[in-house]
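Chain lettering (A, B, C and D) follows the sequence in which the chains are written, and residue indices restart at 1 in each chain.
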Amino acid sequence: MYSEQVMDHFMNPRNVGEIENPDGVGEVGNARCGDIMKVFMKIENDIIVDVKFKTFGCGAAIATSSMSTELIKGKTVDEALRVTNKKVTEALGGLPPVKLHCSVLAEEAIKAAIEDYKNKQAEKQTADSI
Amino acid sequence: MGHSVYLDHASTTYTKPEVLKEMLPYFTDLYGNPSSVHRYGREARKALDQARERTAAALNADPNEIYFTGSGTEADNWAVKGTALANSKKGNHIITSSIEHHAVLYTCKYLERNGFEVTYLPVDEYGLVDPEQVRNAITDKTILVSVMAANNEIGTIQPIGEIGAIAREKGILFHTDAVQAVGSIPIDVKEMNIDLLSLSAHKFYGPKGAGALYMRKGVKSEQIMHGGAQERNRRAGTENLPAIVGLGKAIELAVTDIPQRNARLEALRNRLIDGILSTVENTRLNGHPIKRLAGNVNFSFEFIEGEALLLSLDIKGIAGSSGSACTSGSLDPSHVLLAIGLSHEIAHGSLRLTLGDRNTEEDIDYVLEVLPEVVQRLREMSPLFNQNKGGRTYV
Amino acid sequence: MGHSVYLDHASTTYTKPEVLKEMLPYFTDLYGNPSSVHRYGREARKALDQARERTAAALNADPNEIYFTGSGTEADNWAVKGTALANSKKGNHIITSSIEHHAVLYTCKYLERNGFEVTYLPVDEYGLVDPEQVRNAITDKTILVSVMAANNEIGTIQPIGEIGAIAREKGILFHTDAVQAVGSIPIDVKEMNIDLLSLSAHKFYGPKGAGALYMRKGVKSEQIMHGGAQERNRRAGTENLPAIVGLGKAIELAVTDIPQRNARLEALRNRLIDGILSTVENTRLNGHPIKRLAGNVNFSFEFIEGEALLLSLDIKGIAGSSGSACTSGSLDPSHVLLAIGLSHEIAHGSLRLTLGDRNTEEDIDYVLEVLPEVVQRLREMSPLFNQNKGGRTYV
Amino acid sequence: MYSEQVMDHFMNPRNVGEIENPDGVGEVGNARCGDIMKVFMKIENDIIVDVKFKTFGCGAAIATSSMSTELIKGKTVDEALRVTNKKVTEALGGLPPVKLHCSVLAEEAIKAAIEDYKNKQAEKQTADSI
């Protein structure tokens, strides 16, 4: 069912955990639907210097969380926004069709975290400029 | 890694060697069509008759009340559609439970789209149907009551004898899906007032591809498989003789020594249940504590998702199943777990382990060694779980 | 008595040893349910996928256009009912032939009782459907044309390519019952414009209990087996994996070297036909002299009844079949023999001998030694036969 | 399917043939339905001294023809009329349910032959008495 890469990222997920005082946090999904992904980011000079996640969900959800955080680590925010669910899926050697929605979850969580970061930046600037 | 512990017998069982042995000649030597006049046909007919007698004996039925089908699903479809269509002049109302297998539930949904009305009775927190609710749901339009003998997910055993008595008293047909029950609960169609009963060989160490419908003499039912004159002109299609022979042998074995086999299975089951309850926090046993199939264990583990749990166990050599939506590609978790009152989030974290005749104490102990670690690992990854507080409430 | 000559392959075949060999592990070792997440399930899924690919390859179809069923009968029922019900808004008219197998004919009769109209096209004396008659029968209410690829009784091969082209041109679904054709006629669903096709493993040296329906991508069809999400949610029921694996292997073997196998069978068949024609008077070859299945021989013998003939041959170790009413317990002889214009009395005296891969020249010669005596013995007992005049006309 | 007795009477049918100048002949059934039985009787002093049959029909039809003619041979006409299809079937060790109509055919053929005999007797008597 799952590729070797998926199983590897499921069993040995990269970047699991939380970041204290993150610069951006995103949480998408809900428990009712069976998957939640929460992403924490440390961002310096627009570069994602650290990223961690916590995921409640199936094997595909955990593996895509792991892979997508790997793919954006060290990237600029703009580069990270271009990491689509398609790229994550490809990097995992594909996903069963019924599991493709899990890769969307990861994409959305990352976007939400970056959005959160940008909002915070905007707030800071507003605060600074006052 | 040496471990291989199969705990998914409710999904399907292996075919017992002595069953396969009886089947084998019917592939290559005694391969005749039971409808044929010649000796190959007669040999086949004899085997078919014997399987029918064995099946009838297992249920205290008459051989000509047994109709072989290709699966338990087909038996369920036939039982429900066949009686509904044949009795639609009498009424258009069917009573069933909300925790039936989809083979019954989706057949009922199909009938609803075609002019029938269906009452889906609720169950209590243990998954029990209340016979009095069956009685109260009966109207003068009711033509069929269909309640399963035992549930495939949570193992709850229904009071089908009582339900049968009520249906008989009211002159309404009673069907029971006994796919999970055969070999686990003694069944007597006469004593239990059962008019129709479905079974499936691969659930009791027989082969896949053979099911049967018991239909009491005189039950009015329409055919759903049209064609040749097989099964006394009520179910068309060349008989799957090897599998039917296997069904016959398997059911004979299955109904022998039920108490002894159950005692062994229950000891293992209780060891597993007690072990999980004492080593894993924030868990819930689903189904009835006592009125449950001897081999059924069903737990919900908070904060984690069932498929991830299954995968993790599989890597450790343990084969189980789950009512999580993610195992089936559907959107909602098991309708059974929802019907006993679990929230969606808890239902997603369910694990079913169903024991079989080859399982040992070592198997159980191995599961008890592995499961707590696996649950813990997944919880640590979960945003719903807080290591210190032991978990947060669901959003 | 040492002779044992099986000449009833159109009724059912033995399972070839190499087919059985591939099936066996799926009973006792790889017994998982293809829907399960764990390794047993994944092994099973892999086998299921392979069988689907092999089946698709045999028909030049796409794997996800193949749906496994429990029998050829189920495939026929599904093809006809499923498309009829799903397309009833477009129209309620079905065109079929008068010599279809009962799995199609009785399904059509069922639909007639439920608001559909069915045209049963006549056939000529050889059992051929005229494609132009198909064209002429099409109305703006027509939603389905179902014509079999080859007839099970008289072996006549239909011009399904031509019929398919007409149906496609008119935008009407075309189903063909290819239960007798697979392995005997090369089939290409694309080239032949086939939208739906039924097959059954036990007719081509596969096991009983597995059939398949090819359904072209985009064909609108309703489910007839409700329940689990198997077969991409279109056919419920735990897959009969050992049999499906057997189907996959058997169809792969069956479509390999069709010309060579046919050449051998045709030589035997023609030896048998010529032998009968030259040694038994007052006989008639049924079916088309050339457009017939390589293994099919069908004769009518005047003045005698088919079952008596079968029994007599059986005692001599020859297994055949008959379109006589007395073999089935029905009142009328085969609808196929009547449709090609035989009188009831002649149809009663029919004998079908269908050859298979294990038959030899010696088998044929043995039949040719025994059959004339047997026919003669029965004729001498018959009040319709006058030894001197060579028979009287039927009353 | 068939009992040993049926197979024996099918393969070695007793009393097959015709009788020249019979005292009674009965033919029932028709080819359209797949069975015809014709019975010839020689009757002396109300005793069936010889009986022969010809049958077009299935194994059961031939076996019941054979058995029923055996059962009436040497019997009086009245005794023969009491040989029911049930008795014939029993003597054959039973018949498959779908074949029971064949035993009726034999009973009817015998009745028809006796009827024919009686008619001929009556005619003779009338002729004599004229």
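Criterion: a contact is a pair of C-beta atoms (placed from the backbone, for glycine too) under 8 Å apart; a residue touches a chain by one contact, two chains touch by 3 or more.
Because the structure is a prediction, the values reported are computed rather than measured.
Visitor: Using each chain's Cα centroid, which is most distant from the centroid of subunit C?
Guide: A
Visitor: Any idea whether B-D or A-B has more C-beta pairs in contact?
Guide: It is A-B, judged by the count of C-beta pairs in contact.
Visitor: With chain centres taken as the means of their Cα atoms, state the distance from subunit B to subunit D in Å.
Guide: 57
Visitor: Taking each chain's centre as the mean of its CA atoms, how far is subunit A from subunit D in angstrom?
Guide: Going by mean C-alpha positions, subunit A sits 93 Å from subunit D.
Visitor: Could you grab the centroid distance between subunit C and subunit D? Build each centroid from C-alpha atoms only and quote it in angstrom.
Guide: Inter-chain centre distance comes to 41 Å.
Visitor: So which stretches of subunit D touch two or more other chains?
Guide: Residues: none.
Visitor: For subunit B, what residues touch not just one other chain but two or more?
Guide: Where subunit B meets two or more other chains at a single residue, that happens at 37, 307, 311, 327, 329.
Visitor: Kindly provide every pair of chains that touch.
Guide: The complete list of chain pairs in contact reads A-B, A-C, B-C, B-D, C-D.
Visitor: Quick check on the complex: what are the subunit A residues that touch subunit C?
Guide: Per the touch definition, subunit A meets subunit C at residues 1.
Visitor: Could you please specify the touching residues of subunit C with respect to subunit D in the complex?
Guide: My answer: residues 303-308, 311-312, 315, 324-327, 329, 331, 333, 343-345, 348, 380-384, 394-395.
Visitor: Spell out the part of subunit A that touches subunit B in their complex, as residue ranges.
Guide: 2, 7, 10-11, 13, 16, 27, 30-38, 54-62, 96, 98-99
Visitor: Touching subunit A in the complex: which residues of subunit C?
Guide: Touch residues, subunit C against subunit A: 37, 42, 45.
Visitor: Within their complex, state which residues of subunit B touch subunit C.
Guide: Counting only subunit B, the residues touching subunit C are 6, 8, 11-15, 17, 20, 27-29, 31-33, 35-41, 69-74, 76-77, 101-104, 106-107, 109-110, 200, 202, 207-210, 223-229, 236-243, 307, 310-311, 313-314, 318-322, 327-330.
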